[in-house]
Structure formats: structure tokens, C-alpha cells
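The two complexes that follow have chain A in common; it is paired with chain B in the first and with chain C in the second.
On to the complex of A and B.
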């Protein structure tokens, strides 16, 4: 039979021509992330005990912790900065944290045209993942 | 200048050439369309991994090994974990469940890597259709990995002493579904490529290397098995749980691009066989040795050296670690298959046509993350 190899191949493509596409309509329909998703960090300063484990384990050394003293002379967390630009999302900081002060959320849309906007400070990290849930609730209300 | 002065044409291929799969630069000496000589230039993706290892703790280096061959991160993690476990002398104490999970993720990643390979290799040669079908199945595997470790490409999952987290019931469901449908999908790739006359013309008797030459050049993995050598580290030097599993080592004696293609296609089905057995056999229990549960606890292996290896989709990936008894390695040498294969390339393409260079580069599955390290 002439060109039987081509015809067999074309039959495969023909079979899928009338089926539903397998692609996701991503930017318009958000993807549901699995529970263990390793994305942008959320940091809760009130839970932090300043053990510096996350600072030491971080392979690209992107976490900086500023520990000062308060009026009573006790240790106090002044700042907790993450350079997300350098972060490799390995999840080690989350694994080592004894109090779960730092966790990873499923916020994955934080691309920016300015590199300086990827330096997150303590306040910014504390609010990661919160705004997103509000948007979802708004959608549900509508 | 008379015409007799013109001998060869020096042609620069890459590093931005789309079919070099990254950043391989080839300086080709052409006589008409025939390749007279080639010199590969690697190093455009050099990130200094071996030096980085000397300045990091053993645990910290695990996510860096992901970035070696970024299409087979699980296998890289596994090879590194085995090397460090050998150095510590704990390779027999790894929990049985962890060993099975390691085999499962390694085989899944092997299928994913081979699918990516078939897709891009076919695309290089001109067959665009398989690309979309292969990526559909690869996506299923990537979804499975995302379920167990949260990342889609750089997993950081296989750790020293076991695996990071236990697998979830949803992972097992996805895996069972995948194992069920994959053989049918595999037949589709076969229909699209294996008997296609254009594919046969482009790949048969191209880039031939004999078994003896392949061994002398240090070629390993599917490229060696495509030359008729039945050499597979999973069979000959079993690690993880491979000694308890039954599988064949496909090999074809022709030594050309087509033989290497057939080896990889058959290997995918063998991986499915291994996965089926793993689903049956996987025992319950812990997935991590107690000593390594805390990754902040420094690992201080005794002074000495070890060589850990694994059969990666590309070939044999090896980590040679020299320890001085400190918490950081004194020296780590990474034996990357792509590096070895890139330097066997001039031998394989000598005397062939310029258009065949693309086919031969593709058939070796060069990944420059591990080649340049």
C-alpha cells in the first residue's frame, strides 16, 4: 500500500482532532496548586524565635535577619528580608523552622520588571497569600 | 587566490543554535557538505558546581544537584544521595519504603526525560507532531511530582538517608492511571515515528559508533546500549531497590541514531514494567532514616572517599566525593555523561553530512546543565 506509514501516522492526529484539548486555559482560569506547592513565602514575625536556622540552611543565602534589643534588653526581631530574586524555592527554610513561622504559599504570580521589587521585607512577607484569598472570596460573592 | 588554496570552510554552529539543546558550540571544518573535523566548545553554562560543593554542607548541596541535568532532577538527587550514603557507610540502612519510592520517582523521571528527548529530537529532524503528544504525557508525570514535592522541575525530593516526604494517596492514584494508559500512548509515538520513511532515512546509518569505540570514548547509558552493549548500572551494579525488580535491558547492535532511538523507546516500556512491580511491592514504613530527619544536623563523614553513581536517562552520572572528616566535602568531582558524550561527537560525525550533525547531537541527549556543571 502506498504511503501506509504516513496514513497510519495521520490517523493518530485525526483521532485527536475532534477531542477536547488537553491544554489549560491558564491566565484566565487559575490552576489549583497541590497542598505541598513550594512558592512565595509567608512569614509571621510573632511566631519567630530568632534561632537563625533558616538563615544558615539557605543554599543561596537569600535570607537576612536583623536582631536588635528592645527597651527591656531582650532580643527583638527588627527585620526579616528575603531576596526572592536569589531564592531557589528548595523549601529548606520551611523544613527547618521549629515554630512554622515561615511557610510556603501557592502564590506564584509575582513576576516583576524591576528586580528591586523582589526584595521582600518583613511586612511584605507577612501579607503574602492574604490578598489572594480575598480576591477568591470576592469572586464567590459575585 | 587560486581555487586550490580553498581547502575547508570553518563554520560556527551555536551556541545559540536551536538544535544544540542549550549552549553547545561546534566549530565545524567543512569540505563542501562533508564534515572533516569538529571541535566542540562547552562551558557556556558553567556555574562552578564542584567548587560550590566545597563551600556548602552536604545537605545544602542537594538542591544544587537538581540543576545538573534539569530534565532528570530526581535521578541526580539519587546519585548524590547514594554517594554521600556510601561515604557515611549507611547505604544498607535506608528504609525499604524509601528505596522503593526512589525507584519509582527515578523511573518516572526517566520516562519524562525520554519523552522530552523524543519530542525535541523529532522536532530537530523535522517531525513536529510527536512533540505535542509527548508533552501531554510528560505533563502527567510532572503533575505527579508536584503532588509529592511541590515543584515541577527542580524537585529536591530524594535526600541523604531517604526521601523528603512520604508519597500521598493521590500520587498513587495518578501513578496507577498513568501506568494503565501509557502503553497505548507509547504505541501512538511508534505509529508516528518508528516506521515513518522520512524518520528512517534521517536516522538509519547516521552517526554510527561501534561498541568498542563507544567504550573507549566512555559513552554510557542508552547511547552505549544502542551500540549493542548490554550495560546498565541498574542491572550490573544494582542500587536502591533495583535488585528486587525484574526488567530487561534493551540493546540494539547497529550503533546508529535509529538504534539509540529504539533503545530509549523500549526503555520507557521497561520503566513502566518496573513501576507496575513497585506498585505491587511497595512496603509500609518510614521513608527517612532518623539520623537525617533534621537537615540542620551537620553530616560529618569519616575521612575517605566514595563514588556514587546512578543510571541517569543520559548515561552514568557519578559523584566522587573526598572527605576530610569535616561537614563540607574537600573535593567533589561530578562525572557528567553529557560532557563525555559531547567529546565523542566529533568522532561520530566525521565524514557525515552537515544536516546529520543535528540528528547525532539530538541522539546523544546532551544536557548542558550537567556538561558544563
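On to the complex of A and C.
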């Protein structure tokens, strides 16, 4: 009779009118990634022991390892390429690495219109997500 | 001669002001609806997205103008023109501020024409404005959603304009005038008519939403049922004219509500004078314009048969009885009338 259901509904919308919106202002304000976010890999060649475990475990087979020999006849890592285009960010390579030479960072804005730009070589992977160390990575694993 | 010149000047000013108002209203609607749903709404172009309507306008100008192959071309073009023309025509008899007495003793009216039969004029053109919608539906070349929308608009207009007119008949009976300024003047010495006529006030409020075709009575353009109804086949600027006209009608109906029932430019306190009147008037009108948006963000749509039930079985008998009561009270001279 006195439109009490209307009034209730109107009061709800009026309350929400003065609430803060929940929208993330994303491309203008960066979102803080959660601590265990699995994004672009960082690879440290000096730690790699060339066991090829990451190459074998990678489900989409996107890691290519080029192992040659140096002057003394020892094994030497010539190249370490990742085809991020095919990577599914499962994190298996990180889990399986015995020396934590490969870790995952929170760098997630690397979309590109050209597929060739998503092929990362050893030098490019080494400079991904500067400052993120394996100490953090260990903390994550705990 | 000066009447003609002044009329032309007022005509152009009102035309520009109302266009500006519609531009701003599209932004306001989107912003308020967004905030009611915890979103932010337009925010990128200009201060809090205030230039968004201009961007939308530029975009719709450059859109491809598609017309169905089977459409009746002349009527298809004519329909938005009728809608927008009638909507503007109604707004030309609405006073936008209290009348001012100039130094030479001539009263300056802030409406394009100060008609003595303004309310009749409003009803005539509200009735005509539904022709634009009907033509849009019929001329869309047998496309079924425009046709359904047009049918609904026809039925809704017939049902609810009666209620609208009959509920406005009560203030007209009490003030014995069809001129807005006289009706407002009649409320200066009394209480506002909403206090004498609460039933007519509520029925007008409900019929207002139906006549404007706004939620919860937006049958002709029910997005979820008939995907925007009568203007489905329109695109670009022609399509934009329909919401444009609807915003003008919203303004006009809110203004009539304030003029007829809420004392126009009379305030509860701080009365008299042009500035006070102007501010009171636009506060009240703005509230009703906001109410349209507020209810849009709150209520779902009525079912079609419920709409007809409310119109014919509830509102119409109530308004007719109310007119009898008003006539009775005026005849025997009840103290409050």
C-alpha cells in the first residue's frame, strides 16, 4: 500500500550510490601481484648445470637448450631459448630445477602483436624482473 | 514585432540549453547507474568523463547509416524527426524560471510561449510523439522487434495518457486555469496541490514513468525482451534522436510535476524574489530527473499484462473517483479547498 518494497529497494541503491566503487583502475594504476604469481621467467645462466630437466618436463616443449663444448672440452651453455608464445606458465621448470637457475617473476605485461617478439633468448631472460631473487623464491616454496 | 524577435531568441536559447541538458544527462545517467552498481562509469575523457557525450556524438556521426532493404524510406526518415520535434515542442511551453516584471511594467516570461492552454498543448504533443515511435515500428520493413515495440508503445500511450491527463485535471479544477504560471500563482497562497491531492500526485508519478517510457514501464524498448524495441533498425545519429527525445520528455514531465503539484517556484522557506524562485524550482525538477535514474537503477521491468492491469484496473478508477471527490469538495466548499 505504501510502496514499502519500492522504498527498501530505493534505499539499497541510494546506499550503494555513495559507496566507493570496486573497480580496479588497471592500466593506469598497476595491480599488485600476489606473492606466488607465476609469470615471465628469469633465467640465470651461471647457476645452470645443464641437466636438461626443465627441457624434459616442459609440457608444451617451449624450452630449447643449446649445449656445446668450450676450449677445454667441458660442457658449456651456448643458448637457452624460451618460446613464451607457447608457455602455459605451469611452473614445472621452476619446480624441477635443482639449482633454482630458473625462477618466475611478477612481470606480466608482455603482450605483443608480433609472435617473434615472444621468443626470449638467454640474455633477455636474464634481465627479466630485476630484483626478484631466489631467496623470495625459497620463501614461496615454504 | 518585438514579440516575434523575443520569441525567436527564446526559441534558440531553449533549443541550445535543452540540447546541452540532454548531453549532460547521458553522462549523468551512466555515472549514477554505474555508481549504484559499484562501478565508476565514464571517467577517461575530460573531468570525470564529462566530455564522454561529445565523444559519443562524434562517433555516432561517423557511423554507417544502415537501412533495412524493405523499409518504407520516407516514413523511416520521418519517424525520428516527428519524435524529436514533438519532444521539443512540448518543452517550449514550459516556464524555465519565475516570470519577471520589467521596469516598464511588462511581464517577461521564461518560456518560449506563455500559452493560456499550455497543458492542452502538452497533451496534444505528447500524444503526437508516440506517432514517431509507431512509424518507426511500422516502417522498419516487417522487422519483428520494432513492430512489437511500436505496438507496445501504442497500447501504453493510450492507457497511461488518460491517467496522466485525469490526474492533472484535479489541480486544473482547483486553480481554474490551464496556464502554468497561473497554477503556480494559485499555490502561492495555499499549500501546494500535492497536499490537497495526494492520490492524484501518486497516480501522476506512476503515469509519468509510463508516458516517458522509462523503467519500470519501458515496455516499448525492453532490452532483454525485444532488444531495444522500436529503434532496433536505426543506427547512428537517427538512433540517437530517440533517447534524446526521451530525455527531453523526462525533463518536461518532471517540470510539469513540479509546476502542478509542488508549487513551482514556491519554496517552504526563503520565498519570493527571482533567484530564490529559480533555485527552488530547479532543485525540485532536478530531484524528479534524478528519480527517473534512481528508479532505473533499482526496479526491474513490469510484465506487459501487469502494466495494462495497473493502468486500466487500478489507476484509471482511482483517478476518476478522485476527480469526483475534487468536484464534490469544490462544490460544497470544503475548508481545505
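Here is the rule we go by: the second predicted complex is superposed on the first by the 116 of 142 C-alpha atoms of A that agree within 3 Å, B and C clash if a C-alpha of one lies under 4 Å from a C-alpha of the other, contacts with A are read in each partner's own complex, and residues count from 1 in each chain.
What we mean here is this: a contact is a pair of C-beta atoms (placed from the backbone, for glycine too) under 8 Å apart; a residue touches a chain by one contact, two chains touch by 3 or more.
From a predicted model like this one, the values you see are computed outputs, not experimental measurements.
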item	value
Touching partner for A:123 - first (chain B), second (chain C), both, neither	neither
Partner chain in contact with A:70 - chain B first, chain C second, else both or neither	neither
Partner with the higher number of touched chain A residues, chain C or chain B	B
Touching partner for A:99 - first (chain B), second (chain C), both, neither	neither
Touched partner set for A:78, first chain B, second chain C, both or neither	neither
Partner chain(s) touched by A:13 [first = chain B, second = chain C, both, neither]	both
Partner chain in contact with A:21 - chain B first, chain C second, else both or neither	second
Chain B and chain C contact sites that coincide on chain A, given as residue numbers	6, 9, 12-13, 22
Contacting residues of chain A [partner chain C, same complex]	6, 9-10, 12-14, 16-19, 21-23, 25
Interface residues, chain C side, partner chain A - complex	32, 34-40, 294-295, 297-299
Of all residues in chain B, those that touch chain A in their complex	56, 59-64, 129, 133, 136, 139, 146-151, 154, 156, 164-165, 188, 191-192, 195-197, 294-296
For the chain A and chain B complex, residues of the former touching the latter	5-6, 8-9, 11-13, 22, 33-34, 36-38, 53, 56-57, 59, 88-92, 95-96, 104
